[in-house]
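We call the chains A, B and C, going by the order they appear; numbering starts again at 1 in every chain.
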Amino acid sequence: MSTAVNVWRFVWTCWKLNLAGAMEFRLSFLLTAGMMFVNNTVWIFFWGIFFHRFPVINGWEVRDVMMMWAVSAGGVGLMNVLFGHANRLATLIATGQLDAYLVQPKPVLLHVLVSRMSVAAIGDCLFSLVLFIIFGDLTPDGMAKFVSALVIATLIFLFFTLIVHSLAFYIGNAEGLSFQFYNGLLAFSTYPTDIFHGWGRVMLFTVIPAGFISYLPIGLLREIQLSYLLAAIGAALALTAGGCCFFYRGLRRYSSGSMMAMRM
Amino acid sequence: MAAIEISGLSKTFLVKNKKPGLRGSIQSLFKPQFTRKVAVRSIDFQVDQGETVAFLGPNGAGKSTTIKMLTGILHPSEGRAEVLGFCPWKDRKHLAYHIGAVFGQKSQLWYHLPPTDTFELMSRIYELKRGEYMARRNELVRRFGLEPYMNTPVRKLSLGERMRCEIAASLLHRPRILFLDEPTIGLDVVVKQQIRQLIREMNREEGMTVFLTSHDPGDIEQLCNRAIVINHGQMILDDTVANMKREYLTYKTIELKLAEEAKDVSLHGVKVLAQHECTLRLSVNTSLTTIEKTLSDMLRRFRIRDVTIEDPPMEEIIARIYAKSAVHKQSGVLTGK
Amino acid sequence: MHGVRQRSTEGGRRGSRLAKLLKYAAVGKVTIRNHLAYVTDFFIRSIFLIIILYIFIQLWNTTFRGEGTELIAGYSFEQIIWYLIFAESFVIACPSLSTKIEEEVKSGDIGYKLARPVSYLWFHYAGYMSEVFIRMPINLAVGGMLGILVLGPPGFGWGWPGFLLVSVGAFTINFLLNMMLALCAFWVEETRGLEFVYHKFLFTVGGMLMPLELFPQVLQKVCAWLPFQAIVYFAARTAVSFDAEAMWRMLGTQAFWIAGLGAALMFIYRKGVSKLHVNGG
């Protein structure tokens, strides 16, 4: 069976090819990534003005919000660049396009995820990098923490999206629903966690785990709050394990052909 | 040495019945009703290594379902299968290293990149050793005549060029069985010939088993030595192509446009299917007479403006096979073995 | 005889009234079906609107508590939330002119439409205004429900008619600016990128995300010279914090921008049309 080295070489080749394909049309590539960058800049403008008027909001300062954006944009950017099919999974499942991946000798989930790269998301990644350079802690310690934050954020984004999209194995029209959940996660992860109280706050750490992402600038980057950090890592790992299980369970159902009616 | 061995393979789907309208939607949510749709009904056959098999049947006959079960994409409801010694749905990953698939709908080639990049990816997917891969790749490129376009983006290639690259890509890892779904569809005559020849050569030289579905009689006649026909989920014919041709491709249709209206056309072995003013449609029974004789007889009697000679469509052949099999219901499957 | 004739005329009048009614009903049905695609899209946007409003309610709640004052820059908490509701409802109601014009240019439809020159711009303007004045109230209803749920019923009094009045000018200016960008389709392949950036300007210096009063002084002065403020900011502000004198000044500013931008649009349009004629479409 494939060794880790072989799988890694395969994944790396996919990423290379994706990037090469994207750069075939240089202008379109720059425009798409650029638009995403501009889109994100609007929010920086907003927060810049907001914090100019209100320097501290429930313990949050402008630097914290900027780092929150860096982590969120970076996390969702990495997800869509490296695992670009995550957001299309429901459609692939519903239209029977997983078949081509089942015929090849590589792990299906991984193969599907890495076969696409979102060009717009490259803008997100760049945006994240620029924010970190301007507002981040550029010491080795700070950089290590930022990378860790990105990993946690990416995992949560990726596997949450995977779980909601895998509903397509069971429900007919999961595309709209999964997109809403994904959007919801994205939206809530770009606002300071501490403006939410009560049931809203509970939701942010359960149903839509955006709280784990949005709190990273406070609970990891500014200073390590151990209980929070362990919870965040735990959430990321739980989503990873749960996501994989849920997908493969759904794949067994796909292989039994129970969804044939939709695919024919 | 059996490459494919299946017995009692069956597949039934449960299709949800949804009544139209809002009430129907709510009903189907709480009390869903299903109908059983039998896609494949207990088929058995065995394919030896090195055979070239045409897997035929009209649309909806159960062809894709069967192939999906053979490649491990689908689990059957009943029965067993062994492909290259593996159970396709249990050992899907192991089997995947040794089979190739060219399915009409999804192209393996990455659209915006040159074929050479896809080949590179294939070498990673199938874990081919660098040296072996390069040698094999160069050989296939030479064989399939792909040198001129190895570095052209796939989107700029013609359909024929793309198909050749597609098939070459599927052969990089030396599969023992190649599953092909409509490989020559949409291609012009010259390219069709090229592709058939290449596949034939690979089969002859490397002993690769070919399992092909097609609606093109040319594919079947030139590429395959065996035909398995399936209809309504059941196997209705398993015979050599030569036998099938002899028994079922026994007629051709000729459409003639004459200079004047034809009266009283009666030739031996020829049936008039339709006649409208100066257009005449004849069915020539090739076991009783020949096309040449029929045409020369017609030429002697009438002035001919235009001639079209058609093979009977596959659906018609299938229909005749099925009609004949209905007659032979007791003997079950019509086989030459 | 006379009676019979009268009866038949009456029947004829009733018949034609019925026919007219049926005709309008049929047109209405088709229009509704056309907008069905919009309805699903509308539901999706509505969910998003609700999420955004929920988030902003939390944000401003926290901010007001932090400041400890009743008013911030002249707005109460309720007023700021309602400001956002009006602003969002306004912006989401606007269709994409770039898409429409791009399609017309690509399909060659534009040739037929240009046969009657001035009518072309008026044609699009009429379509635009009728569309936004259907979509906007619907958006407002959805956002308004959330607002009422959280904040209680609003008491804007003159704010409502004021909002409507200022909206006319606001949508018009938006149309003019958007159309100028969309007409770049005569020269450039893709105008959707331009429209995208334009929307971002609207969100920021146009005062959609935040009333302009909260901007730093310097920036406020800059914005006062830009047309963007006359769109969302004017309309939303009139709604939540009505001030007759301010409104008349706003209307005046709008009139100035409409005149200027209108002239600019005509100029761009004529240039574009002549280019089309030169190139043969």
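The rule is simple: a contact is a pair of C-beta atoms (placed from the backbone, for glycine too) under 8 Å apart; a residue touches a chain by one contact, two chains touch by 3 or more.
Bear in mind that the values here come from a model prediction, so they are computed numbers and not experimental data.
Asks: Quickly list, by label, the chains bordering both subunit A and subunit C.
Replies: For subunit A paired with subunit C, there are no chains in contact with each.
Asks: Going by CA means, which chain is nearest the middle of everything shown?
Replies: Most central by this criterion: A.
Asks: Between subunit A and subunit C, tell me the centre distance in angstrom, where each centre is the average of that chain's C-alpha atoms.
Replies: 34
Asks: What whole-number Å value describes the gap between the mean CA coordinates of subunit A and subunit B?
Replies: 43
Asks: Need the CA-centroid distance for the pair subunit B / subunit C, whole Å please.
Replies: Using C-alpha averages as centres, the distance is 57 Å.
Asks: For subunit A, which residues count as touching subunit C in their complex?
Replies: Of all residues in subunit A, those touching subunit C are 31, 35, 38-39, 41-42, 45-46, 49-50, 52-54, 56-58, 176, 180, 183-184, 187-188, 191-192, 194-197, 200.
Asks: So in the complex, the part of subunit C that touches subunit A is made up of which residues?
Replies: These residues of subunit C touch subunit A: 44, 47-48, 51-52, 54-55, 58-59, 61-63, 66-67, 190, 193, 196-197, 200, 203-204, 209-210, 214-216, 219.
Asks: Using the touch definition from the top, list the residues of subunit A that touch subunit B in their complex.
Replies: 1-2, 6, 9-10, 13-14, 17, 20-21, 24-25, 97, 99-100, 102-106, 255-258, 260-261
Asks: For a test of understanding, state which residues of subunit B touch subunit A in their complex under the given definition.
Replies: Those in contact with subunit A are residues 11, 13-16, 39, 65, 68, 71-75, 89, 92-94, 96-97, 99, 101, 103, 106, 108, 110-113, 117-118, 120-121, 124-127, 153.
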